[in-house]
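Here the structure comes first, spelled out in structure tokens, and everything after it is commentary.
Chain lettering (A, B, C and D) follows the sequence in which the chains are written, and residue indices restart at 1 in each chain.
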Amino acid sequence: GRFGEFGGKYVPETLMKPLYELEEALKDALSDSSFQQQYHQMLQKYSGRPTALTFADQLTKHVGGANIFLKREDLNHTGAHKINNAIGQALLSKRMGKKKLIAETGAGQHGVASATVAAKFGMDCKVFMGEEDIDRQRLNVFRMQLLGAEVVPVTSGNKTLKDAVNEAIRYWVQHCEDHFYLMGSAVGPHPYPMMVREFQRIIGDEAKEQFFNEFGKLPDVVIACVGGGSNAIGMFTPFLEEDVKLIGVEAGGKGVETSEHAATITKGTKGVIHGSMTYLLQNQYGEIIEPYSISAGLDYPGVGPEHAYLAKIGRVVYESVTDEEAIAALETLAKTEGILAAIESAHAVAKGIEVAKTLSNEQSILICLSGRGDKDVHTLMKTKGGVENGF
Amino acid sequence: GRFGEFGGKYVPETLMKPLYELEEALKDALSDSSFQQQYHQMLQKYSGRPTALTFADQLTKHVGGANIFLKREDLNHTGAHKINNAIGQALLSKRMGKKKLIAETGAGQHGVASATVAAKFGMDCKVFMGEEDIDRQRLNVFRMQLLGAEVVPVTSGNKTLKDAVNEAIRYWVQHCEDHFYLMGSAVGPHPYPMMVREFQRIIGDEAKEQFFNEFGKLPDVVIACVGGGSNAIGMFTPFLEEDVKLIGVEAGGKGVETSEHAATITKGTKGVIHGSMTYLLQNQYGEIIEPYSISAGLDYPGVGPEHAYLAKIGRVVYESVTDEEAIAALETLAKTEGILAAIESAHAVAKGIEVAKTLSNEQSILICLSGRGDKDVHTLMKTKGGVENGF
Amino acid sequence: MFQQFDKLFIPFITAGDPNEELTIDLALILEKCGASAIELGVPYSDPLADGPVIQQASIRARRNGMNIEKAMELAYKMKERGLKIPIILFTYFNPVLQLGEKYFFTLMEKNRLEGLLIPDLPFEESGWMRKKCDEHGIYFISMVAPTSYNRIKKIAENAAGFLYCVSSLGVTGERQSFDERVSDFISHVKKYSEVPVAVGFGISSNEHVKKFFKISDGVVVGSAIVKQIEKLIPLLTNANTKQSGLQEFERFINGLLH
Amino acid sequence: MFQQFDKLFIPFITAGDPNEELTIDLALILEKCGASAIELGVPYSDPLADGPVIQQASIRARRNGMNIEKAMELAYKMKERGLKIPIILFTYFNPVLQLGEKYFFTLMEKNRLEGLLIPDLPFEESGWMRKKCDEHGIYFISMVAPTSYNRIKKIAENAAGFLYCVSSLGVTGERQSFDERVSDFISHVKKYSEVPVAVGFGISSNEHVKKFFKISDGVVVGSAIVKQIEKLIPLLTNANTKQSGLQEFERFINGLLH
């Protein structure tokens, strides 16, 4: 349950058993071809995988430099990579005989994905969500309710994602015998980070194969955004052993030199959050600092422990992109490619544009477009001043 | 340019030449394998086709009766079948050397699809949209602007879709030499209804093949919603010659016995609208009556002329579903399948549920899920009283 | 019917704008000023060949309850009030269709209408209608546009009454100037036409009229006249000022022509 | 340290709730009432093993500027004020980690803390910490839960001070009643434990205390006491009523125990 010095199971004693059970069940499932088949069939026939690998020809032309390719996780059912993991975990939960799901959500994306699979598998679903986030994301709350999930308002702490996770864990401690905690990112105690990686590596597996089949080689650089880091770990995993440069992009918010960012690896220190040893944003007493990013999906004070490890050993380079740079990249991508990316994914695009300029047109960059930006149009409108301002 | 007594080119003399040119170019393109390859490659690598064929097992169980299958056009880039046609027409426009697109839009879906392909192909795009609709659909207006399109407010008539089409045609009449009119549905003068059918039949072609490959037979019933009717004609076309019952579902609004509906075939009479002979909602003097549906995409006073023909010869049965029935079906689908359908598509689902009950579990119904419902969440919230009402 | 004039002046007015009575008054003034025929527009819900000026007139007229049937009756009333020149009914196709062939031609004849112009019924779609018009002795006015090219011959050869030559791309409405190619286009059309060729769309000044009187057999003036009517509505619809409004209109038309 | 008592009563209070001074006053009363040790809680930003009552106390204490370092100094002040019973620092793992091993144990020793309880450091993660505690003569308190099953033996055999037996699933906080299986669970735990077994989580009434005094070696009472403190804040924080507040607290504790 460790990635070097990172990872582990820093949880109340009560949760040790469900975590061991989960580990066991996961191991068993992953090596069972009928489970694998079920999982892949759901991905294909329900979520629409494989997702496309799009050559961003217009963006490439606009930027000048390396050829830019996009792995189109935005084309998944519910609009992001989150569903890959939700399907995997829900299938596992069913296999373990647990018909009640618990999930946390920040902006609501993972909540919607969880509510979605709960509906499809005929399961109950409780989604813990900070009251602040409920206020900011009423549409997603309504979507979850429409899908039959119960959205539980979290009033503890800052009433945001971090507290929703705390509260979900608290609920799980009490109900671990018949509930399955469907965690949304590659964070939390072992085996969650590993499990989420295994259910997200389909992104990288597909992209690698698609790219190789078309060009007979691998891309030179692979880029993904990192909040908790599930899309990134899914994308990077199949490339770890290859001679490919990997870049994780954190949310630089208003700048990593300010106090308003979510650049956990870049600026954080080692510690324990949500049951896992990793990098996090904290003060000298180990109290967690609320992060900031315009992107709700990157706005997490910790990061998946495997990323902490990959950063430490230098296999993946983690850099940051500010709100402003991400929005500019989102606009460029929209105008050149007709693709409205999630603000999360736009962080990866921004870095991709930056890197492409430094490379030749014989080289290629693969960017994980983790989700679509429909959910962000409100935020963008506010940022840009809306229709009236002739935007 | 005729489907029996329907169709034709009822347009100002000025447009005859661009229509002939278009007809010519279309014929040429459709028989050119390099064009076909370009079109199919874009669908696959950009829009994510083939879209999934999902067995709605939970819905089937819930309803009892025939097996229900969903053709998942909601998984397309931009969230609906509209993009199939937009890609096709934009490629044709490029082939004709016209780098400026004109489009009309009601709720904004076709506008977004048009703006999207314009961005991807590096073309200019003007989207005509009624002022009323602009007010109701600010998010989509913003999306189009984000994609680089110009949204032209239409102040004539009732300031809705019908008037946007009028205004787009007026603009086209003046600029037909270097502009391409990218029509969003299987309506308008010849060759538009035929062209849109050819660019949408991918839906039916894929679904037919997917179903046959899996089950070695064809579905018993195929159902699609009908506004202008582009997703329906695309779905039906490959099944026309087969022994399959085809049902088109019109928007019954508050009931076809009231004056507030958009059930053009069910309640309309023969006449000319937007350059085509078809059924439409009109008064005794041939003045067009503004239709009503909760679904912005079905809220059109006419219908594609081929549907009028298929209704007349009895090959397709056209029925209607009310707002209330559609919303109920949307909720049922969300709760059983984890799929949030567009309200348009929910009309087809409602009819599918009704029909499934009358069939045995050896029979199958294929429903075209033309688009996703994210765009409708605001409308649903209003209808259901929102989060607060404990919905 | 039109060959007897030197140059044709065919004004367009919308039936019922600003009201029935005034439409007749205005038609009589147009005749007095030398109009060769009146193009009487049926207001429609979706006038997609028209620019904003005639769209607005349509809205005003429909608010007054005007429709195709009343518009046709209005032609009869004009004749009753003494109008001598031919009246051409200008209407979109759908209203005609809804009246039905038989009733429509009954109304045409009963109301003494001499011509019919349907802007959204191009040559290819109008075979049947041209034949019916022939049978009923009604001129079916055909249009040719700058984009008509190789269809010009066919259209021109089948023209009745006069051939309506669309000056330029676009919908009805005023234009500042015309493409230089318009002369070539008109002379090309005249080659094939056995009936007079009148130019319309955008003709809005004395200068325009003179230009087209030189190179064609006449002009159709729509939006410029309708816009003038719109401007005069306050005067025209007040009993005390109506006469001066009509005089003003007459001055405007004379200014346009001479 | 704990074997000398008949039955253990280990109360939990949050450092700095309602303020430092009162935390000491309350600790002294708890000792007077017969507490075997004080569990001194370090308020934390993310107390994920705690229910709402202790979460709220954490928030109050953090608002007063309390942190792990100050909490440890508070233990020293308690001893200075005459507290004799052992003090067990209750803290989440991350604050300990941030102080660093060396500095943390320096503070433990300097501030005369006898025990350490880290609710999110289960057996498998605590080897190193248990060893260090041993070296520094500090009792590392281990917990077992109803879900510990086959891990009970290992945990119990390695326990120091006392073994904290979690009464039931869930976070800290009062419970109305306990699952009947709790007795079996406790006797199972006692089989392996060489140190006293105290039961915690949800013990909130005299009835509960009596029940667990019968079947175990003692009780840990947290939320019930913290809730009482919360209730008494208005009295306690007013100089005029502070004494009656403390008396009220004493009555409450006595009522709980006898």
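Of note:
Definition applied: contacts are C-beta pairs under 8 Å (C-beta built on N, C-alpha and C of every residue); 3 or more make two chains touch, one makes a residue touch a chain.
Quick caveat: nothing in here was measured; it's all calculated off a predicted structure.
Here the chain-to-chain distance from chain C to chain D, counted in touching steps, is 3. Distance between chain centres (mean CA atoms), chain A to chain C: 66 Å.
Between chain A and chain D the centroid-to-centroid distance comes to 38 Å (mean Cα coordinates, whole Å).
Contacts between chains trace an open chain of neighbours here, each touching only the next in line.
Looking at which chains touch one another, you get A-B, A-D, B-C.
Contact residues of chain B toward chain A in the complex are 44-48, 51-55, 58, 72, 74-77, 79, 115-120, 122, 134, 138-139, 141-143, 145-148, 331, 334-340, 374, 377-378, 380-381, 386-387, 391. Against chain D, in their complex, chain A makes its touches with residues 8-18, 156-157, 162-163, 166, 169-170, 173-177, 269-275, 282, 284-288. Chain contact summary for the complex, chain C toward chain B: residues 44-52, 55, 62, 67-69, 92-99, 119-125, 143-149, 151, 155, 166, 169-171.
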